[in-house]
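Chains here go by letter, A, B, C and D, matching the order in which they are written, and residues are numbered from 1 within each.
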Amino acid sequence: MPARLIESLQTTEPLAEIFSDESLLQAMLDFEAALARAEAHAGIVPRSAAEAIGRAARADRFDVHAIARQALRAGTPGIPIAKALASRVGQAHAEAARFVHWGATSQDVADTALILLLKRAQPILAADWVRLKRALVRISDQHQKTVMVGRTLMQAALPITFGLKAAGWLGALRRSHVRMEAAFAEALVLQFGGASGTLAVLGNQGLRVGRAMAADLGLGYPDAPWHTFRDRLAALVTACGVLTVSLGKMARDISLLMQSEVGEVVEPGGKGRGGSSTMPQKQNPIASALTLAAASRLPGLVAAFLSGMVQEHERGVGGWQAEWPTVGSVVESTGLALRSMAEAAEGLRVNRRRMRQDIDATRGTIFAEKASMLLSAKLGREKAQRIVARAARKTESGPHRLAEVLAEMSEIKRVLDHRSLRDLETPEKYLGVAEQFRKRLLSAPKRKRE
Amino acid sequence: MPARLIESLQTTEPLAEIFSDESLLQAMLDFEAALARAEAHAGIVPRSAAEAIGRAARADRFDVHAIARQALRAGTPGIPIAKALASRVGQAHAEAARFVHWGATSQDVADTALILLLKRAQPILAADWVRLKRALVRISDQHQKTVMVGRTLMQAALPITFGLKAAGWLGALRRSHVRMEAAFAEALVLQFGGASGTLAVLGNQGLRVGRAMAADLGLGYPDAPWHTFRDRLAALVTACGVLTVSLGKMARDISLLMQSEVGEVVEPGGKGRGGSSTMPQKQNPIASALTLAAASRLPGLVAAFLSGMVQEHERGVGGWQAEWPTVGSVVESTGLALRSMAEAAEGLRVNRRRMRQDIDATRGTIFAEKASMLLSAKLGREKAQRIVARAARKTESGPHRLAEVLAEMSEIKRVLDHRSLRDLETPEKYLGVAEQFRKRLLSAPKRKRE
Amino acid sequence: MPARLIESLQTTEPLAEIFSDESLLQAMLDFEAALARAEAHAGIVPRSAAEAIGRAARADRFDVHAIARQALRAGTPGIPIAKALASRVGQAHAEAARFVHWGATSQDVADTALILLLKRAQPILAADWVRLKRALVRISDQHQKTVMVGRTLMQAALPITFGLKAAGWLGALRRSHVRMEAAFAEALVLQFGGASGTLAVLGNQGLRVGRAMAADLGLGYPDAPWHTFRDRLAALVTACGVLTVSLGKMARDISLLMQSEVGEVVEPGGKGRGGSSTMPQKQNPIASALTLAAASRLPGLVAAFLSGMVQEHERGVGGWQAEWPTVGSVVESTGLALRSMAEAAEGLRVNRRRMRQDIDATRGTIFAEKASMLLSAKLGREKAQRIVARAARKTESGPHRLAEVLAEMSEIKRVLDHRSLRDLETPEKYLGVAEQFRKRLLSAPKRKRE
Amino acid sequence: MPARLIESLQTTEPLAEIFSDESLLQAMLDFEAALARAEAHAGIVPRSAAEAIGRAARADRFDVHAIARQALRAGTPGIPIAKALASRVGQAHAEAARFVHWGATSQDVADTALILLLKRAQPILAADWVRLKRALVRISDQHQKTVMVGRTLMQAALPITFGLKAAGWLGALRRSHVRMEAAFAEALVLQFGGASGTLAVLGNQGLRVGRAMAADLGLGYPDAPWHTFRDRLAALVTACGVLTVSLGKMARDISLLMQSEVGEVVEPGGKGRGGSSTMPQKQNPIASALTLAAASRLPGLVAAFLSGMVQEHERGVGGWQAEWPTVGSVVESTGLALRSMAEAAEGLRVNRRRMRQDIDATRGTIFAEKASMLLSAKLGREKAQRIVARAARKTESGPHRLAEVLAEMSEIKRVLDHRSLRDLETPEKYLGVAEQFRKRLLSAPKRKRE
């Protein structure tokens, strides 16, 4: 089940399958079957009717196109599903038909179906997260001592290690994943409230039936129906958003490091990946591009979801009806970004030599802060910065390295001996607590929310 | 071709067809065929090759699922399409295969295909707009003199006419439609620039080939390729956004007027529309709900498009790849909202009696401003307002009408004679220039941009 | 410190004060003072220098306008602050000036300052939440048995209780508040990494200094600097978003219930609240309007924050620089919405009589589902619904109540005796498990994340 | 009047002044004064009263903080302004006070004030646009023949000219500016409708008074009041959005070209611009950073505006109240982005040598497409691409240039003579119609909408 062509760059196959017609239809039918079973158990509908409903509730027997068409007329897919199911049940068991959808409202069906799809999507996202996490831990450990240019505003700043950089990605992604998991846990609850959220049809048996359905479907049982209270879904959607843009940050870094002029890392290629339709030399950062595409869509999709949440009374006019494709796109984009970065991290080629060359190419100006701090204690901050800035400009326009230029400046000679400048340009001697930060990021101290 | 179930409340059948797999695939093939024809005309590829390419370029002969799968690997649908077409062409005419996609880049295919779909969507939107416009003109004319409560912050304010209200909807929708049409006109241009926007492969024949393709495909020929300059599409997307939220305003008004407690208008029902899965009495405002759903999605979708526009150099990393489903959803939602409001307007039942009753139910407090203005000239603005506010509170809590209450107040008796109060509560006498505004809104003066 | 006029409807006074020039400037100076103290403690800067810096770090001694102007030139407020502080320190203690900002980078100052403001905002939001929660618990308890119309798609559906409705608001708000509190707890951490996040200037003392600063400022100490990892802030911004739109849902309900034609609740008025500049009768739902205004801004502001999160390498080009006003607006809007709904809930006038009248005004059609379920077991779901739908239409257009109409229908007489219809229209007998849901919502079972 | 510190990176001084307290207050007072004058002219209020109102309508005489505070209570700034003005007028001319705000509603004041600010902002934006346009035309002409690497997905693709690149920026910006100007022209209209949009207080004189006010204030007179029809403002807000993200594209390109490893252009520095608080070597792309910051905020702000447009009946509950700060931020961010890019373009240092070196550094692989096209006609597209891809990989990993590698491959020798390869790596010979596209972009053919 591949994605539709128009969404082919926004999902993965397993997720496209989950949010497909058949899968969604089946989830709605699963709700109706579970409802009938729970009501049979409570003595509300005959056991034989529940069984007949269960037997009929198979998606491949329904015309999903007809249901989609009627859904547009009805303003909800719940109505045509209930009608089509009753009709099919009735063919086999006339009496059973009248018990289809008993006590439920159309939004119960639609909401629970969405939750069932989310429940299926969760382990797929989790598996890709595990791949990504492992790959990043490995990269970070392997490159604990690999020095590279640290860049601020895309200009060479100070040296860092690639191990720290990868650990930084990991830290943000782990925090974001923890939040997403918490949001999944909260969101995976049954929707069952009947017409106005009181389960009036079921008299005093509403909770009993609801609890049985939740258990049957493997969902949590919430405090109350949530037809117009979409905060749990919103928490999931926003958590997906934060995770995806965090993946986008990693992808942005990779695509920048992979520029022809930088060449410090290369995404894995492989069959069908990274080429151009016309330029044979191309090795494009496709995993990063897809992740950045997801990251560029998510903020707007999050806004679209939140905008629909101000819903009226016991069932909204428009807000609810807008949600399905938004939630689907959010989860699919998140899944694609996770998988793309997992693939990129697992196969990332890291060019240690280029990383050191790029430090070297600054001819020492990357150590200007260090030079300025050495001088600062002697000359004051502002004066030191002014002198070193001058030296840096001279370095850039001339043939010498910063340490050489500095060594020739009279203001410097007075206050710094030659020894101090000797080590100036050794990246390994100006990493501060990079390694300690790296370890803290990897060790993932048990925090309350983890 | 109905929508997929998950999007069944977000599109219409004709638009779902346009943005379907087959249609999109065909549009990409149409690009390749037009390219070959134009190049044959320019003597760049053999005429027989162009004919072979044209014959092979039929969507029903391709495996759209395979192409979607490869598109995800390649990061663009353009690569697998070119490859699949070359392969198919090669089966019939080995030499022709090498001329497939000659001089083009994958984004040329993808962008032009999207534009071709937009070109097909435009007349559908236009036709529904004409229906809506006509219905609103008719409603406004019919209810030129139908008085109703004007409501501010959802509280009764002053009387207006329903004719003015409908004309207000029309005015905003017409302006928004004019902007959308202008944006369509600007956006419907060919994309053809080759690998980096210079058409280098074609030597000095690039413009000649491009112009021929544009003519062949019925598109405009732009100043230059626009691979990373998406402002024309953005102008269309934002214009759709403004139109859709303007339709949302009309839908919000209708759904409010249709509340059980107000009942001043009723949306048309009809087969499968407006019922409930469980409540037989229900006549739900489904057209309004669908329109409000579209209006609630659009701001986020617009943001999603704009967020992707900061694209790098000659082809972006992520921004471009994020666009297709956003543009599709924007146009489909706009089309659904237009069609829904057209249907609602054409069949709207207006309850003149209820409208007047709702004025009457305020027992004159809706004329408090009028009373206060009458007094203001005598007593000053603030004092007048204070007195009338007191009278309004008394009216609300007691059995009398505002004019009666006022007539009994000593402060009033001194400054207003009985005659002034007699007409106080006649809505027709407190409509100001409502009718003039209505006519101005309907007459649609030729403005520069129309 | 009231808001600026242009933002006067988007904040509260205490929050406007927190995000004011003076407060923000002081927070930046507090960072610099804490830095110097921590470095003095670690023996890096002289104690006397740290004291001089601490003495000079008082916002009222700086020209905030000059700093704002220079911030625009520098692209960060951190540079002019450090410079201005050094200059002022130097006036009193020449040697101390050189130790200002020692080892920090401008984003350390700016980020920590923002966090310090958030720390001050948190208890203000918490206090208004407590007011709101208490008021909602009280309302829900008082109206445990107050029946009212349950409305779906703004049409009368079934009876509910106002107690359940208020408990529903409470449930969503409590969940959202719990999430926001968790996000605050995560976000209130120090930013301190130096130029490229390694604290290189401080050699191996970086963590020691950082921990001391965090303790001094009352902030948490994070795993590592987070200059380009903004997920903690994002989690707070999105949690504020979810809470605010949830408040918007409550406000929407109140404004709908307060319509002239419904009149079931009235927001408290009070000095300067709810009047009109011209209509003396008006009692506008201002608290709801302000809350809905906040709810309408938040989705876009959340998107704006998320869009900036894809930041480059060790310091972003644009993403970071976009954040301050967004975060400020998000927190201020959230605070305003909380306070407005607290005020509305505390003073809400509930019109029990009107609530029952509005049920009564449906002349029994609100019990159509009940009637249909009674018949369903006898006639099958579809037939029962058809019959009752017919009866409901007849009721609406005629002078009788639903039970009376039904009693006269031949299809009914055959299957239902008169007794079954007698209780049909008693709201208290068709509330299902409303009370159980209400209690579950109020009891707030200890969930994992609470 | 600099910006507030929290917004100091999001505006310019002249725009901060326009959206300041004093300026906004004065604009509201200007509305009231123009109203009184127009009503005096129509004989509705005494001329002396109008004069007294005009004299009192000076912002410096009002307590803007008190008005902001009362605005929050009232839910609109219009009420406290009218009250404060009446009170001040009354001190000098008791009778005149009662004519303050005669026939207007609070939203008339607030909306027209916003429009008056927009009218003042327009020429500021226009002036910076002219600077930017001129600089880009000059750059493009100067670099008509400057070859550089064309980059797709941030990988070297084919050569282009810097003249074409700059012309591309210009083209998108000019189209976007034309749209923004059209939107300004449409939006700069009076708001004047009275309590419910009928000008009921003025009897049949509403249009006469309105037209006089519009003329007095230098605004257009619209078809009708637009209290809940915000499409004109929306068109302006979205046009600003499209322009700003288009500026963001230019800024992204500049910041990428300015990377330490690329160094092809450098933004102008100048006092206080581009330095670091700690790294003396830094020359940061601040103009680009500020522009990208604006571009990152705008999509969300546009969504925030659109989300508020579904407004109820004759005055919205929340939507309207959310607008002011959004519109202000949108215009200020747009203005900052325009000014920043104008400054960057005017002072941009272009390093022709580096541009050519970066082509050279690909050792010919940038001409892989050219090589493949040469072979394609002989060997077929796919085979040619395969061979050249192999050659490109060999080039990248070895010491030779692409032409040399190709010349040694047996498959090539058979089909291409040495001459064909000689010119392979001359950028000037593989520019296609770059210069023609450049000229088309600069020549700005008169399009309908310009």
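Methods note: a contact is a pair of C-beta atoms (placed from the backbone, for glycine too) under 8 Å apart; a residue touches a chain by one contact, two chains touch by 3 or more.
What you see is a predicted model; the values in this text were computed from it and never measured.
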Problem set entry | Partner chains that subunit B and subunit C have in common | A, D
For this session: Any chance you could check whether A-D or A-C wins on number of contacting C-beta pairs?
Result: A-C
Problem set entry | Whole-Å gap separating subunit A and subunit D, where each centre is the average of the chain's CA atoms | 31
Seminar exercise, completed: Whole-angstrom distance, CA centroid of subunit A to CA centroid of subunit C, is 24
Seminar exercise, completed: Residues of subunit C that touch two or more other chains sit at 75, 101, 103, 105, 151-154, 157-158, 194-195, 201, 248, 251, 255-256, 275-276, 278-279, 284-286, 289, 292, 295-296, 298-300, 302-307, 317, 369, 384
Exercise. Which bits of subunit A are touching subunit D when the two form their complex?
Worked result: 149, 151-158, 255-256, 258-262, 275-276, 278-286, 289, 299-300, 303, 307, 358, 361-362, 365-366, 368-369, 371-372, 384-386, 388-389, 391-392, 395-396, 402
Problem set entry | Contacting residues of subunit B [partner subunit A, same complex] | 2-13, 19-21, 24-25, 64-80, 82, 101, 103-106, 109, 194-195, 201, 248, 251, 255, 271-279, 284-286, 288-308, 317-322, 324-326, 328-329
Problem set entry | Residue numbers on subunit B that touch subunit D, as the complex places them | 75, 83, 86, 97-103, 105, 150-154, 157-160, 164, 167-168, 171-172, 175-176, 179, 182, 185-186, 193-204, 206-207, 223-229, 231-232, 234-235, 238-239, 241-242, 245-246, 248-249, 251-253, 256, 292, 295-296, 298-300, 302-307, 309-317, 369-370, 373, 376-377, 379-382, 384, 430-434, 436-438, 440-441, 445, 447-449
